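For reference, the structures are reproduced in the following blocks.
Here subunit A shows up in two complexes: once beside subunit B, once beside subunit C.
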Partner chain A sequence: MPEGNISKTTVSLEDRILTRHAAFMANLNGSQPFLLGLRSNALQAFQSLGFPGRKSEDWKYTPVTKWLDASLQMAESHDEPVLAVPPVLKQDNRYLAVSVNGIFRADLSELPGAEQNVVVCSLADAFKDHTELVQSHIAKQADYTSEAFTALNTAFLGNGLFVWIPDGASLDYPLYVTDICTDPNRSLIQPRNLFVVGANATGTILEWYDGPGHPSCFENAVTEFYVGPSSRVNHIYVFDRGESADLINSLFVYQEKDSYFATNHLTLSGRLVRYNLNFLPDGEGCETHLLGLVLARNEMHVDVHTFVDHAKPNSISNELYKCILDGNSVGVFNGKIMVRQDAQLINAYQSNRSVLLSDSAHMYSKPELEIYADDVKCSHGATTGQLDEEAIFYLQSRGLRQEEARLLLLESFAREVIEQVDDEAIRAYLGVRLRELLGEPAVSSTT
Partner chain B sequence: MSNSSTKYLQEVANSEYEYGFVSEIESERAPAGINEDIVRFISSKKDEPQWLLDWRLKALKQWESLNEKEAYPRWAHLKYPKIDYQSICYYAAPKQRPALNSLDEVDPEIINTFNRLGIPIEEQKRLSGIAVDVVMDSVSVTTTFKKELAQHGVIFCSFSDAVKEHPELVRKYLGSVVPYTDNFFATLNSAVFSDGSFCYIPPGVRCPMELSTYFRINEAGTGQFERTLIIADEGSHVSYLEGCTAPSRDENQLHAAVVEIIAHKNAEVKYSTIQNWYPGNAEGVGGIYNFVTKRGICLEDHAKISWTQLETGAAITWKYPSVILKGDYSIGEFYSVAFTKGHQQADTGTKMIHMGKGTRSTIISKGISGGFSQNSYRGLVKIQPRADNARNFSQCDSMLLGDRCGAHTFPYLEINNSSAKVEHEATTSKVGEDQIFYCQQRGLSEQDAIKLIVNGFCREILAQLPMEFAVEAQKLLAIELESSVG
Partner chain C sequence: MLRIENLHVSIEEEGTRILRGVNLEVNAGEVHAIMGPNGSGKSTLAAVLAGKAGYDITDGTVEYFGKDLLEMNPDERARDGLFLAFQYPVELPGVSMSNFLRQAVNRVREYRGQDELSAVDFLKLMKERAALINLDPSLIKRSVNEGFSGGEKKRNEIFQLAMLEPRLAILDETDSGLDIDAMRTVSDGVNKLRSEERAFIIITHYQRLLEYVIPDFVHVLVDGVIVRSGDKSLALELEAQGYDWLKKELAESAS
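The block that comes next holds the complex of A and B.
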């Protein structure tokens, strides 16, 4: 009997997904053929790919099925969420786009006025009102044929968030994007975001996922950015959903010529956190900045995969990813820079720095370069170490307690990333939050 | 970059292979194909004891099951057609091999071959002070300076002689670093290896001269599968050099060697390679497939193993000389220059496995690619949980000499101990226009400037080679660069 149970439950997540998909498709009478086709293609892709196993090079250090436990349900509940916006975001000069269980809710959001000429709506509405635009961008960068989680997300694509900043427009205040999970069970939620930024447009997007709602969800998010010629986008991403939340986040950024895209990725808590961050500067004169900070404690497992694909000449990319690992946490960094043939005059820089605070923490780092053009300057660096004993001693000799000295050094290590966050209030909040987290003793560091 | 230097670099990329002649030496070869009979044939040819035959047969069985599953490594950044292992001849030996006492008895054609290669096997080259073991088509032809080495207690002989004369040593260490199950090519080698070099340095002895093995593939349609075993006992020291060439042929020949190094307490082994197998012609036809497993183990405290390699040949290079740092405070080093041109492909690097406390490793790798070649560095630095205060420094620099080649870096860093300090740096660039301009301003021609810059780029590595070979290596690199430029 027990064996039967086990095999039933292990198979059933994929089965439940398929059953759920059939019901999902059946309820979509009147949907456009484009969308129906996309969904069923993606489902087929997911079925043939399956969840990645250990043999997959991309998941070498992250046996993801470990977190896809049998209790995981497709999100069902539509309880009204408790909207607890952190005080730092409660300011007049922000817009707010709220989703619940991956479904965009205009009624809970505070959107830019019509005079702003910026569209923020659900993907479902966007398919109706901006059909051509959405069809030409959705699932274009997020390739669902080779990555199971992107395929799974695309198979259920429908009610995500759509943001359009048309040519020449600019968002005067940052747009704060969040998602609240209300299902009391351990549920799978799949947010989907599409940002289309036209030519000569600007905007700041602030994705913020923290504790409110039910924290034990498994989130499989896909976000696509189209950045038009000569546009500027600032992107800030904060994940702090607590120690029982799992996340797989795939970001796809497509840049036209002379565009600028900068992202700050801050991961402060979670259980399994996996990022697939993909950048395709596909025009001359592009500038791409990617900064990240991971703070992993206790049993947390963070896996960061980044891919910068320089397809056209004359561009710059700069990547800095820092990890602080404590307790039994595991950190994985796999950063790849590719320079395609004839993409000359590329300046690409990548750096991964990690600090291990405990003997049972692990770090796996794999910075890669794949270069097919000769007139380029590319470099990567990776370091892993611990806090400098001499620096701690120096601070102690100046009258700081050992704990304070340690905290000070870690803060300064993290500051290099936090400092670059282009929003003063957020920066200040992150500084405080970081101190709070670093000051807490890690639960299992004694083992 | 200006047109003339681009042209120069293109010519470099198309330069020809100097060692492409064939020596007319009668040889004896086994029929093509691999099966139990061939393995038994090789073993009986060498009068091997039963245990070694058994070991070979176990390896053969393992390999056959791997081959059936097509479980050859595919992860490398290499493209090549499937190898037909049944069309290769696994044993070819120069004929007439009575017991030789001096070089006078060696076939003059063989001596002639090595003279053309500039290999100092003749007694008159005594001054260079290098003992050479010469392996042609898988069989050791001659070993020089045997007597003098014997006075110091150093054993340096062909692998088959070692099996006969020192079976206890061979049996104890064979497969202890690279087991026959290690990987597809090492397993193949374990089944069919024909000869190689064996070296044992007794405790406290500093080997009085450089030891060297020269490998030459001469026969068509053969593969070369040699095996080298080096044991440095407590407190000993040895420097070892290996060189390789092959005739130009329009077929691909397989070279799958295994090198095992064991360093005991306080022992030091320095292993240098100048690999110059035939790389194929300008269209990428022919050339050697070089699939080599090289690994050393610092078995006890304070041991040191250092790999230095200059890789300029072979159509495909698949090679990761590694060090297992088992003893506390042991040291591993890897210095490499890989130069690819034409349609060559190289996927090379190292593995440093830190197990002991206070272990240190240094990796410096320089890749230069030109023409249509692909040059990858692939390396692993692994710090085991017990390796307190382990230290690693890696630097991988690549230089591109054209816009149709590729330079890639795939480092893996796995850190399981918080006291470890691991650093990795990599850069990719081309020969700087400003550097060329500066040199020209100082009166150097554009070509000399490029040579100077490339040489400077590799200097750190070349300085690690034993002196005589450093000179040879520099010349080799210059020839590789110079090619057909008048």
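The block that comes next holds the complex of A and C.
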């Protein structure tokens, strides 16, 4: 293996993965050669890559093997979810796609009617019913040859979610996507989503992962978006699974010309949370918005890696990530922007702003701009600081208690991201949830 | 209302002595002006009264309505009717004026045993008080002080004063950086807010503001001590002769 420093526990986890994969492949009677080939190629890639170690530049501040402990099992349970749909998702005027432990469940979902001309089904069904379409998009952006977690996910690809908004179609209501983790053991679950949005199509996709029952799962999710010419997609992602849940979430977005893609990642709890957010605006006139809010407390570790690859001219990207770190939490932001040689007239903005609420919280922020075109506007800024004492005193001098002043400032700091969540019900819920989390005294350590 | 006795204050850690025995008594309805050259301790006095951190009170007492003011938190002082108009109002990006002021007004009302204002009543009060001091109503919809001009920030301080209806208002160099028109509107606002129950301490470097807001008493602070007190004519004398005149006179009388 190229990384020589993989510990014994992860080797044994890898062994478990290999054993499981052999069984998984043996059970796949009747699967297409395409899928079998993809899985075994991905497994080979995973084997040669290995889990990233300390020497991997991409994982410099996130020694991920620390969270890949010996107790981690491959997800087994197929129990009925005890707690079905998260209450906040019980809204009017929305569709709902529910998975359980990474496996899409049509029976628990509320899907658009046939008149909507939108397909929402399991990837397994999609391979059968929309073979060409799926084969031309799956694992195209999510390159499994260079990234171990994407390879691992791809090696077990099969039962995820497939959404297709065909040319000219539009989802009249947002599609809420959620996964319910029911395995009481510490298990590896690997959700896989493929969204294909045709030309001149629109949709709002809201991914919601909260934690009834405080799952201790390790989630390795991969999501691919193909956004067709002149299409518009709003994407919202909320992670709030509680203090024993780990997440690695890799998002790959491919944009055709004149398309619009906006994503807003809100991370409210978790233990290890790592985002690999990749955007390839591969046509002129693209607009890409990446926003995120991280609220980390106690021992939480959040790492946001973004990569915007401007391959074609005349496009805009705008990136804003805000972090509030308390306790012993660690935040990492690595924002890479690439402007390729012929990609003139690009406007790319990036900003990472963090507030540290304790002396033992850490933030590592690194912009990475690679610009090969000469007629572009790019900017980046990173600030990390404590709450402004002058501002707190100002508010106190108007009668607010110190805690109220602090809360007001933090809420205002977060609002810039939250108010851009394009879903009123969720926006309102997030406001309440944030206040609840910020108002709670931080616990010094988890036990 | 307020009784300051022999107040000695140093800057925390570095130990520089700023106030060296200030005595001052302020009663309801009175307007006191505190003048003095730069670095004489005027703003320190305002900051200490409002409860700002970073100062060591090395001696003396401050009594506010019979209570030990120095024992109270800044927010407690504010709820009990002490208001400081800042020399440099703080910008609060993302904190909306109405959200902030509604919390502030309701905290003060709660302390006074009054019911919280409803959203409708609060909005009405904001409009009324903004009109009282000619505050551009569009500023109410913005973040607190963010991107405000110098004059707008100072006017906003007086607007907050009007909203919170304090018993003792301390204006820390509210006139600095104001052009003559802005000074007039700010002064008009202050004059409208003068009342039998409310006292003002107006800290200023120049006499200009005192042409519009006529003080009952003028005190001159030099090197951390009030060296002279008088009526409004003292301000005119200072304007004509400068602080050097007073310093020289003091040096002569000391020798």
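Note that in this section the second predicted complex is superposed on the first by the 426 of 447 C-alpha atoms of A that agree within 3 Å, B and C clash if a C-alpha of one lies under 4 Å from a C-alpha of the other, contacts with A are read in each partner's own complex, and residues count from 1 in each chain.
To be clear about the criterion, a contact is a pair of C-beta atoms (placed from the backbone, for glycine too) under 8 Å apart; a residue touches a chain by one contact, two chains touch by 3 or more.
Source: prediction; values computed, not measured.
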Fit or clash between subunit C and subunit B when superposed on subunit A: fit
Subunit B versus subunit C as contact partner of A:D342, first or second or both or neither: first
Residue contacts with subunit A in the superposition, subunit B compared against subunit C: B
Partner chain in contact with A:R401 - subunit B first, subunit C second, else both or neither: second
Subunit B versus subunit C as contact partner of A:E436, first or second or both or neither: neither
Which superposed partner A:D69 touches (first subunit B, second subunit C, both, neither): neither
Apex subunit A: angle to the C-alpha centres of subunit B and subunit C, given in degrees as a multiple of 10: 70
Partner chain in contact with A:K366 - subunit B first, subunit C second, else both or neither: first
Subunit B versus subunit C as contact partner of A:Q386, first or second or both or neither: first
Smallest distance from any CA atom of subunit C to any CA atom of subunit B, in Å, after fitting: 14
Shared subunit A surface residues [contacts with subunit B and with subunit C]: none
Subunit B-facing residues of subunit A, complex: 57, 341-342, 344, 354, 356-359, 361-386
Interfacial residue positions of subunit C with respect to subunit A in the complex: 50-53, 73-75, 77-79, 83-84, 86, 89-90, 92-96, 99-101, 103-104, 107-108, 111, 143, 160, 164
Residue numbers on subunit B that touch subunit A, as the complex places them: 1, 75, 385, 398, 400-430
Subunit A residues within the subunit C interface of the complex: 388-391, 393-402, 404-405, 408-409, 412-413, 415-416
